[in-house]
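One chain, subunit A, links the two complexes that follow: it is found with subunit B in the first and with subunit C in the second.
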Partner chain A sequence: MPSTEELQALVAANTWSALLPEILLGVLALALLAVDAFAPRRQPQTLLAAMVGQAAILAWLLFAVFTAEAGEARVYFAGSVVQTALSDWMRIFFVTCSLFTTHLALVYLRNREYPRVEYIHVSLVVTASFMLLVQSGNFLLFFVALETLTIGFYVLVAFARTSRFSLEAGLKYLVMGGFSSGILLFGIALLYGVAGNPLLPATAVDPLNFIELGAFIGAVGIDGANAAHPLVIAGSLLVLTGVLFKVGAVPFQIWVPDVYQGAPTPTTAALAVASKAGGFFVLFILLSGPFLALESLLFPVLAGVTAVTLVFGNIAPLGQQNVKRIMGLSGVAHAGVLLLGMLAAYQVPWAFHAVLFYLLVYAIASFAVFEVMAHLAPDEDADQDISHYRGLLKRHPLLGSALVIGLGSLAGIPPLAGFIAKVLIFVAAFQAGLYTLLAVAILGVVISIYYYFGWMRAAVLRELVDDGESGREPLRVTIPTKVILVALALITVVGGIFQAGLTKLVGLS
Partner chain B sequence: MHLPDILLLILLAPLVSAGLIWLFGRRNGHLAATLSVGAAGIIAVASLYLLFAFWDGAVAEDMAIRWVTLGEFSLSLGFSLNMVSATMLFVVGVVGFLIHIFSLGYMADDAGKGRFFGGLSIFMFSMLGMVLSDNLFMIFVFWELVGFSSYMLIGHYMKKGEAAEASKKAFIVNRVGDFGLLIGFIIVFWTFGTTQISELAVAVGAEPELLSTIMGLLLFCGVAGKSAQLPLHVWLPDAMAGPTPISALIHAATMAAAGVFLVARLPFLFTVDALTIIAWIGVITALSSAIWAFAQNDIKKILAYSTLSQLGFMVAGFGFGSLYGGSAAAIEAYGAQAALFGVGAALFHMTTHAFFKALLFLGAGSVIHACHHEQDIYKMGGLLKKMPITGITFAIGVITIAAVPFVASGFFSKDAILYVAKLVNPVAFGLLVGAALLTATYMGRLFVVVFLGKPRSEAAEHAHETSWVMWLPLAVLAFFSVFAGYVKQFPLIPATLHPILYDAVPHPAGSEHTLLIIISAVAATMGLLGAFLFYRKADQIDPLQEKAYPLWVVAKSRFFFDEVYDAYVAKVQQRVAEVLSFLDALLISGLLVRGSAGLVGVFGILARTLHTGNVHSYVWWFFAGLFIFSLYAFGLLGG
Partner chain C sequence: MLTDYLPVLIQIGLAVFFAVAILGFSHLMGQRARTNSLKDSAYECGMLPEGRAGARFSVKFYLVAMLFIIFDIEVVFLIPWVLVYRDFLSQNLPILFPVLFFILVLVVGLIYELKKGVLEWDK
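Let's turn to the complex of A and B:
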């Protein structure tokens, strides 16, 4: 039993104010439900308040980050919460993603009979969990935050409860996600057990803490290094599996196309952007923290995963007609490029910043594409085909150009920001000497241009075919949407030519 | 105002104008003209203010915007202002503005006015960008943009087959030169590890043994392309198919001089051997184009060959001036100043040439405009009485290019070039004097045939003076042509430029001085007088063709450069292209593109069959991944 003094010290470390943005997001989420329950007629104002509340939290975070002095990591809650400059940046990233997701949800739910406020409620909870996840300093907070957001996603994926596809996707995500969580937890348990073993050198007092676990794995005793202990190897690989599942890396990508297709478009966007970014940041925390000493074990595993992810992710979308599946499968390819950056980060210090830059550019381009998708989606959200995009540039020039710029950036066509993002990662990989993987990645980019072009061609070249189908009525694009689309496209174009602002944002340069 | 702000204003004014013209002025020629001339006015005022009142002559660098940073390597967008770029800024600002004004009159009735003025603005932007760049990377980008705008403007009369052909020719010949230039830049970067010009100068100073002749000659390839030196000169006479203001601005005063500007910007990159070769190319170009000019009857073609010849003088001046400046005797006599002799001689002639050649071209434009687009000089005649202002200003231009002592700026600048040539190589000196004599003669021929005698055609009969927007620039340029040579005595050239346009220009002294004046005077007067006597009675047919046919044929042949190139393209390149086209059809389109598309499509189908939609199989997949992981981890897979 810990003594009273120790408990008091623990309580003193509970600096709740450090987590105020997350708490406020939670409060906002609850308040939305409460207000909607008591004043259902005021729903438009409630939804507006949801946007304004998030924007306020974002503004506050930005203000706090830009006025904060650069310094050491801030540790709270007895090591559970570790805030660094990078994690602060990720919190801003997630709130921004949440704003876009909310806007997408409002567009998506405009003509549909699903509850609105509830969707945003869950989305806010998921956002807060993402923000906690990137600050986690031990496996306890890590797992709790991860589970909270995953459960939130189960709801969001199956949200279109009258759609067969959505329900099926929800079920698949539940089964696969549950499976992966189990594996992750099993890995954590193994690590916990072995790190607490008093017979091994540098036994950890708190084996779930990342720093102590890292010290334990890095220690070398008379019987050999702890890093070679079978339980350490098994545990770390199981944990890694759980994270690779989140980012959609091969061979744990199998759920991606079905879930992306079935989920409502805003959920697909959140999965593609926020979930992927969170996964990569967690991977970074693990690889640069507790698993640092396991480089010789994990590097070949990750290199193999990167190679097959790049190959699979670029080949699978070929010939695909459903744009949501294309986004999902090409997202696997993007995960491959990001993994390449993670590998380069072992050698090249600035490589992880290049990964962050890629995530930022990828998020901007993806949201532009998803905004267009949300506007063109037919009543059955899962049936979004390339053929729906025929003649889009003529039909609605703004949506058309935003789509082309977004896809161009995703494909990495110069002079768009996506090109620079890819170049940065490739340069990092080159400096790290990963020539084979680099060749695979570049080949992948070439192939990726092929399937992105098919989509673009439909929007730009093909004439509008009036086949009397639905979805041919005039597109309703509100002024805020126009502002968002123009802003996203502008950042993508300008970021390709002059990226000092963006690179500074992620700590490059 | 800070210096970078003024430079940014100068650079952005034409870009904004081009953008606005593209957006709103494509159909509205009047608006386009206003925007473009306004931008040129801003450039002129800002650069004159900068050079006369603001800048103190100190080299201004470090005005860079960081663009891309990758670890050690960083790419900046930077301006720099030194003597060389300031001289070019002065020339482009003043001459550019006058030519814009002239274009208002010349292009008044053109259907493609919007396109024309938009092109002019793009050209001004690219030219100024190149002038102000502080690194090779940017210079190359703007260099290509300059080439592109030149291509666009040569082909302005796109319905004429000749113009379209000429623009293609200019583009392709310049690509050949630029390829060499690019390789040269890459070698420079490879050798010295920087593209920043100021850093390059320091690096070369520290390790001069790293320089190589081939590096200098590769850079000169680009120069030969842009400044139309042998053997890449063939595009410039054809480029006369463009509108006359374009010929004046781009193919005489500024862009064609860009090559000279480039060597003046990078004088430290050339070895003695490279300089010797360059100087001789200049001499040969100067002399041969002066010969070719005799067999031309198109007023603009004559001026084009004279431009070639004058550019040859500049290049020769750079080469011989640098060779002399690098010699022990010069360093002893003049100290550090001597190192700038080549740059000074070339830039001084470039400046005076810009004024008098723009004057001549615009005068020719005025004549062509008055004669309803007649360009054959044997269909003109007697125009001095009908267009007195054009005639007199043209006469001033002829006197200037013929380098009549003391009344022509061309005299002072050509004198400096002849002087350094004499010091380095008497043979080259003799050839250049010969070229000067020929210059005076063929320019005399041009003037006599066009402006004296009797009108030889209906059009010339009814010609009359053009409007003030066209003759006013002529008058201003004539004034500059006469007085710009007196750098110190007249305040036409900003005092900040005196160190390069006066102090760094090698001038003979004492008996040498007298001797050179006599030689120049004899060459100029003999040439002009001879032309007057020989061509005075000329009627429909060229007197040279009548009386000395063999000589005329030699001049007309242009030494068969075009024929050789045509034969090469038709016989060799065409065959190679056909073979490549066949291979392309077979291998690239057939096997690679179709084949890979098919192959990849099969992969796509295979990959998709994995996604059966069955949760059970998905779980097994997941398990398989884990299984492979564990196999690897426990040494059962590949160790």
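Let's turn to the complex of A and C:
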């Protein structure tokens, strides 16, 4: 039992106000459930309130960031919560993702007989967990936040419970996710055990704390460096495995195509954007914090993972006709490019800001594509074929051009923002001297143009074939959707020519 | 250090020994049973077995099981809370409201389930 003074110090460190946005998201999620249970007829208003509530939280976070003075990291809850300028931006990123996911969910659930409010509820809880994850300062909060969001994703992936594909995806994600969580937890336990060993130099009092763990791993004793201890090596590699699973890097990508295809489109979007961004930010926290002294071990491992991820991610989508599988497998390729940026960050300090910029641009382009996908999806959401996109530009010019701009940005075509994002990461990799990986990445981009353009070709060049199937009724595109699509496309185009605003957002100047 | 774990090693050794010994001896000394497809089939009082072995349960069983787990976990949290309640109060540390908030979240979930008719069995 800790002493009274220690307990009082712990209580005094519980600055709940620092986590108010997350708490409010949780309260909003609970309130949605309660209101829906008592007033099910008021569902349209409830859903609107969900959007407005998220927008209010987003506005508040933006206001807080712009009025805050730049300064040191803020540490709360006795080191569990560490807020930095970067983590503040990630919180805004996740709330924005949540808004887009909510909108996608409303489009997706429009003609389907699934519960609506519950989807938004789980999505909000997942968002709050993402926000906690990027602020975690010890493995306890890290793991709890990661598990909360993973369990939320299990529900969201299997949400279309009358679809065999969704159930298959849910089961696969559950089994693979549970496995990776187990590996991650085992790694944490090994690190906890070895860092608490009093026989080793610089024993940590609280081995779960990132700073103390980093100090322990960096310490060198008479018998050699702690970084060379077999348990440290095993533990850090296992933790890394758990995180690489989340971002879908090879060889932990096996779940990606099936889960992306089977999951409802809004869930696929959240997995592709928020889950990937969260994974990379966590990777950054780990590599620049507790695992900093392990560079000589982790660098070759990550370099190998990057190489195979780039090769696999660009070759695997070549034969695919299902657009959700293409998004999933090409997401693996994007993870490869982002990993390249993470490796460059070892040598070049601004490389991680380039990674954040890439994530931002990737999110904007992906949401534009997913919005179009949600509108074109047939009744069985998993059967989204390239052939459904034939003649889209003529059938609905706005959807068609948003798709082309989004895909062009994902492929990295010059006038669009995606090109600048790729160039920034490649320049960072060049400055860091990663020439071989850079060559693989550039080759990958060339290959990726093939499958992105195959999709675009269907939308732009191919004529609409009237075969009487796959629902040729006019597409219902509401005015808010049009505004969102135009905004996303505009940011992508303008971001390719003039980046000052976007680069400033991620601290890159 | 490591010698403290000797009893565990002995335990593991005993367990492995017994498992191997029992299986091995019955294999070596036991009588070989005659097998054929009829002997291996399931005995259903002389009837031919029909249908699938895996029966499907109503989803309500799972919902009740989940409710049980939720309250089980609540109890797991509440028992240590009760044990330190007096100590915390005497040292002027907040203990009541954090737990009340925890229970509030659970109760909102419970009310939601009741309103959705999870516990109405014959619906």
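We adopt the following convention: the second predicted complex is superposed on the first by the 509 of 509 C-alpha atoms of A that agree within 3 Å, B and C clash if a C-alpha of one lies under 4 Å from a C-alpha of the other, contacts with A are read in each partner's own complex, and residues count from 1 in each chain.
Note that contacts are C-beta pairs under 8 Å (C-beta built on N, C-alpha and C of every residue); 3 or more make two chains touch, one makes a residue touch a chain.
It should be emphasised that the depicted structure is a prediction, and the values quoted were computed from it without experimental measurement.
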item	value
Partner chain in contact with A:Ala37 - subunit B first, subunit C second, else both or neither	second
Partner contacting more residues of subunit A (subunit B vs subunit C)	B
Which superposed partner A:Pro257 touches (first subunit B, second subunit C, both, neither)	first
Touching partner for A:Leu7 - first (subunit B), second (subunit C), both, neither	second
Partner chain in contact with A:Phe498 - subunit B first, subunit C second, else both or neither	first
First, second, both or neither for A:Lys172, with subunit B first and subunit C second	first
Residues of subunit B touching subunit A in the complex	65-71, 597, 600-601, 603-605, 607-608, 610-611, 613, 615, 618-619, 621-622, 624-626, 628-630, 632-634
Subunit C residues touching subunit A - in the complex, by the definition given at the top	87-88, 91, 93-94, 105, 108-109, 111-112, 115-116
Residue ranges of subunit A touching subunit C (in the complex, touch as defined)	1, 4, 7-8, 11, 30, 33-34, 36-38
Subunit A to subunit B touching residues, read off their complex	171-172, 175-176, 179-180, 183, 230, 233-234, 237-238, 241, 245, 250-252, 254-255, 257-258, 297, 300-301, 304, 312, 315-320, 348, 350, 420, 424, 427, 431, 447, 450, 498-500, 503, 508-509
